[in-house]
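What follows is subunit A paired twice: with subunit B in the first complex and subunit C in the second.
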Partner chain A sequence: MTILQVAAAGALILLGIGLYGLLALRNLIKVVIALQIMVKGVVLALVAAGSLSGQINLGQSLAVTLIVADTVVAVVGLALAVQVRRRFGSLDVRELSTLRG
Partner chain B sequence: MLQVSLLIAAVFCAIQAIRAPRLLVAAIWLAGVSALVAVLLYLLGAHEVAVIELSVGAGLVTVLFVFAISLAGEETTRLPAIIPRPLAIGLVAASVLLLAWMLAPTDNPPAADDESSFTVVVWQERGADALAQIVLIFAGVLGVLGILAEERPVEKTSAEAVQPGDELPEQVGFEVESSLERERV
Partner chain C sequence: MFNLVPLVIAFPVAGVLLNLAFGMRIREPITGIIASVMSGLAFAVSVLQLLALISQPEGAIVSLGEWIQVGSLSISWSFRVDTLSATMMLVVTGVGTLIHIYSIGYMHGDARFTRFFVYLNLFLAAMLLLVSADNFLLLFVGWEGVGLCSYLLIGFWFDKPGGEGWRNSSAARKAFLANRVGDAGLLLAMFAMFWAFGSLNFADVFGQAEETLAVGTPLATLIALLLLLGVTGKSAQIPLFVWLPDAMAGPTPASALIHAATMVTAGVYLIARTGVLFALSPVAQGMVVLVGTCTALLAASIAVGQNDIKRVLAYSTISQLGFMVAAVGMGAYTAGLFHLVTHAFFKALLFMAAGSVIHGVAHGFGHVERGEAFDPQDMRVMGGLRSKMPVTFWTYIAGALALAGLPPLAGFFSKDEILLAAFEHYPLAYVALTAAAFLTAFYIARQMLMVFFGKGRTQAAAHAVESGRFMLIPLIILAGLSVIGGALNLPGVHTLGGWLEHTTHEAEAGAFNAGVAGVSTALALLGFGLAYLLYGRRPVGERDPLEGALFNALRNKWWVDELYDQIAVRPYNSLSRLAAGFDRAAIDGAGLRLARLMTWLGETARIAQTGQLNWNVAGIVGGLLIVLIIVVLGRGA
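Presenting the complex of A and B:
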């Protein structure tokens, strides 16, 4: 396998694992972890696409922007999780729903 | 062979990060994923991104996770999944297969263009992205300040009981300032 194929396979698998985490997990901090795993797959895919098209520096530039945005998302998500824990006493995302049916 | 073993290790770390019952252990597994992805990025030729991923992804984000977990506390109880596990696995498999099918025609790479250096691309061709990153960072800082601001009862004596000529105690001044900051955010 070439490195590009490895990167593409890694991007797909990491995206899949992160998506499963987003779908199945109920702990708010675990959800942020799943989101981080997904973004790592996307970073791999961006750099692999840049390398494939001969514009690796463009891919790197986009990946840096993505890493910064992802870090901000993680920071805000974790701060929200801390606040949710203080207010509801639990990190379960189901506790956030005030509508009961 | 090295690349495939790195990929397998990264996938193993990612699965462990999802499965680990303790949040702190999951954060450490996530740092492992980040470090292994950084090595893969380096092997791909993206040296700058590899360094940033290693320092930000494996360093800063892990510290943030540990900080947040220490504030929020551990929850080791295993909660049942939101949607049934087979359905989630089916949805994920369908999405990944769809993506793989979209990636399949990229077997013939186009001719590589020579291009400008990473610095030129980041600061000149994608200068707007750098501005957007700065705005994002400030927005993130403001958001965290607003969210993490603890709700403290403001003392009643802060406005009324203090005479105009008196010197404000240090704590009262902080309370007024923090409540003003909350209103602004």
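Presenting the complex of A and C:
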């Protein structure tokens, strides 16, 4: 098993865990964490893809950029979670749907 | 002079507009006076036309420009002045003006005084359009216009309490529907004429008909019979006469103007105008004579059994219209139109005098007998009014004797010309019409005896008062005309015959026949005598001296209304209910079911729209998977 195969398998597993978390979890903070896990899988895939195509620098710089962007996502997500908790008194995503009909 | 003819219509229209615009702001009699003045001006213009025609009897056609221009159809606003239309104009505006003046008195105090005069003026305008039109479409506009005004005036008191308002508006609808049937006939006749001759102008149609159609061709018969259907509707002939007695629900001046003197004679005018077409079809002419004769006899017999003062006159009108229609059917246009003119005088007089009687009796009732059910039109509550209402009485006598056809009053000469024409061409019709003339004398004598003679049978009759000036002056003028109207066309002189000859091309002028005149006069006197024996010597109470099976049939109008109810009204109502059921179940049902299906689809699709984050993610992932599968499979293929 080459290092690349390990990286691909690791990326798929991280994506799978994140996806399961998004589908199954109700707590908003856990949802943000699940999203992070998915994005980490993508970062791993980017680095592996850079190595596979021989453009290692490009792959790594994309990965760094994604980490920065992803951090912003996490921050905004957690800030939202704080506001949601304040306004609804709960972090349960089911209680966020105020649309009735 | 002829160019002034549009003014005949313009004046009543101006009256309508003036009263519509300012009627609410000016006091009661003023609106009536405006309407009467407009009517009088129209009469003045008609007189000018008459003077112009004396020097130029072939008349003229005055065109105001195009109205409709589609393909080969060309209709213009053109009016025809000839001796026939001028005669009608004079009758309509002359009698109409008198009735306008009478109405000022009769409608005094009515909440819708102004509206009544607007309708009357509108009616005059439509009627004058009808008689002065130079093509069938313009005539049809007037024809429909008078029908509309008739409807509006019959239902004028639609809001009277105690179910009477409902009966009034039902009568109006009945009149309108019966007229509709006739109007459909006239419309179809117009279609047939346009199809056959490519034009609706009188001159073109008559010219082409004479050139291209032989006597007795089916087309000529078809057109003439369709025209006859129109005539039976407007002129209240069998089978469509049932609306006219009910039309008495309207105010009495409207009955006098529309349902006695003018509108109902439109059919007679139409046959006289389209005489060329009827001359081409002996079958249709025979039908016209048959319809007229049967109507004259049937209606005269029903009039004997009625107790409502206006209903007697209504059936009398139907009967007299039958005389006129029979006359024009025989080709005796002069006789028919002569009777039309004299009938306009004496029947308008009789109606307005009856209105005066009703007014007087209702007034008498107002002073006594409060709170009881009371019908001021029922002749059984009257009696002895001779001394209470002397002017009404004497004018009534003039009208009644003219109607009965006693010499030398107007009705004698005109009715005798019709009987003479029948005697020469249609012996059977002569017998029937003479019988109708006998019945006419009998029922009018019965009415006079019940209303004016004997003693007042109720307090209301005993306290009746004479009507006011506005009502009596027109009565006196019309009484004078009823007495001397025969001078229009005296035997041997034939002023009217020579006058109409320019338009109707009727060669023969029947010679005076002493036998025919003698028989009808003797029968009229016999009718008077018989009525006196039955009604004059004893007071008439609840029980009629003629009481019996036959009289019962007459009182119930030979059950014609019930027959129509069975064969037309009920089946139509059933059909309507059926159609309504189909409409609700199938037409509306289809829409409803479609709506329910859509609702169900929406309810079902709503389940997917939870608004939950997890479900949304699942949706996104599912969609992504589908896209991926398509891409991967697409590459493989």
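The definition used in the following text is that the second predicted complex is superposed on the first by the 99 of 101 C-alpha atoms of A that agree within 3 Å, B and C clash if a C-alpha of one lies under 4 Å from a C-alpha of the other, contacts with A are read in each partner's own complex, and residues count from 1 in each chain.
Quick note on the criterion: contacts are C-beta pairs under 8 Å (C-beta built on N, C-alpha and C of every residue); 3 or more make two chains touch, one makes a residue touch a chain.
No experiment lies behind these values; they were computed from the predicted model shown.
A.B. asks: Kindly say whether there is room for both subunit B and subunit C on subunit A in the superposition, answering fit or clash.
C.D. replies: In the superposition, subunit B and subunit C stay clear of each other.
A.B. asks: According to the stated criteria, A:T65 is in contact with first (subunit B), second (subunit C), both, or neither; which is it?
C.D. replies: first
A.B. asks: Of the two partners subunit B and subunit C, indicate the one touching more residues belonging to subunit A.
C.D. replies: Here the partner covering more residues of subunit A is B.
A.B. asks: Does the superposition put A:A24 against subunit B (first), subunit C (second), both, or neither?
C.D. replies: A:A24 sits against subunit B and subunit C alike.
A.B. asks: Thinking of the overlay built on chain A, is A:R94 touched by subunit B (first), by subunit C (second), by both, or by neither?
C.D. replies: Both partners, subunit B and subunit C.
A.B. asks: Scan A:Q83 for contacts with subunit B and subunit C and give back first, second, both or neither.
C.D. replies: The answer is first: A:Q83 touches subunit B but not subunit C.
A.B. asks: Could you say whether A:L44 touches subunit B, subunit C, both of them, or neither, answering first, second, both or neither?
C.D. replies: first
A.B. asks: In whole Å, what is the nearest CA distance you get between subunit B and subunit C after the fit?
C.D. replies: 5
A.B. asks: Shared contact residues on subunit A, subunit B side and subunit C side combined as an intersection?
C.D. replies: 19, 23-26, 93-94
A.B. asks: For subunit A, which residues count as touching subunit B in their complex?
C.D. replies: Interface residues on the subunit A side: 1, 3-4, 6-10, 12-21, 23-27, 29-30, 32-34, 36-37, 40, 43-44, 47-48, 50-65, 67-69, 71-72, 74-76, 78-83, 85, 90-94.
A.B. asks: Touching residues of subunit A toward subunit C in the complex: what are they?
C.D. replies: The contact residues of subunit A facing subunit C are 19, 22-26, 31, 93-94, 96-97, 99, 101.
A.B. asks: Using the touch rule from the top, collect the residues of subunit C that touch subunit A in their complex.
C.D. replies: Per the stated touch rule, the residues are 606, 610-614, 617-618, 621.
A.B. asks: So in the complex, which bits of subunit B are touching subunit A?
C.D. replies: 3-4, 6-7, 10-11, 14-15, 17-18, 23, 26-27, 30, 33-34, 37, 40-41, 43-46, 48-49, 52-53, 56-57, 60-61, 64-65, 67-69, 71-73, 75, 79-83, 85, 88-89, 91-93, 95-96, 99-100, 103, 106, 109-118, 120-122, 125-126, 129, 132-133, 136-137, 139-140, 143-144, 147-148
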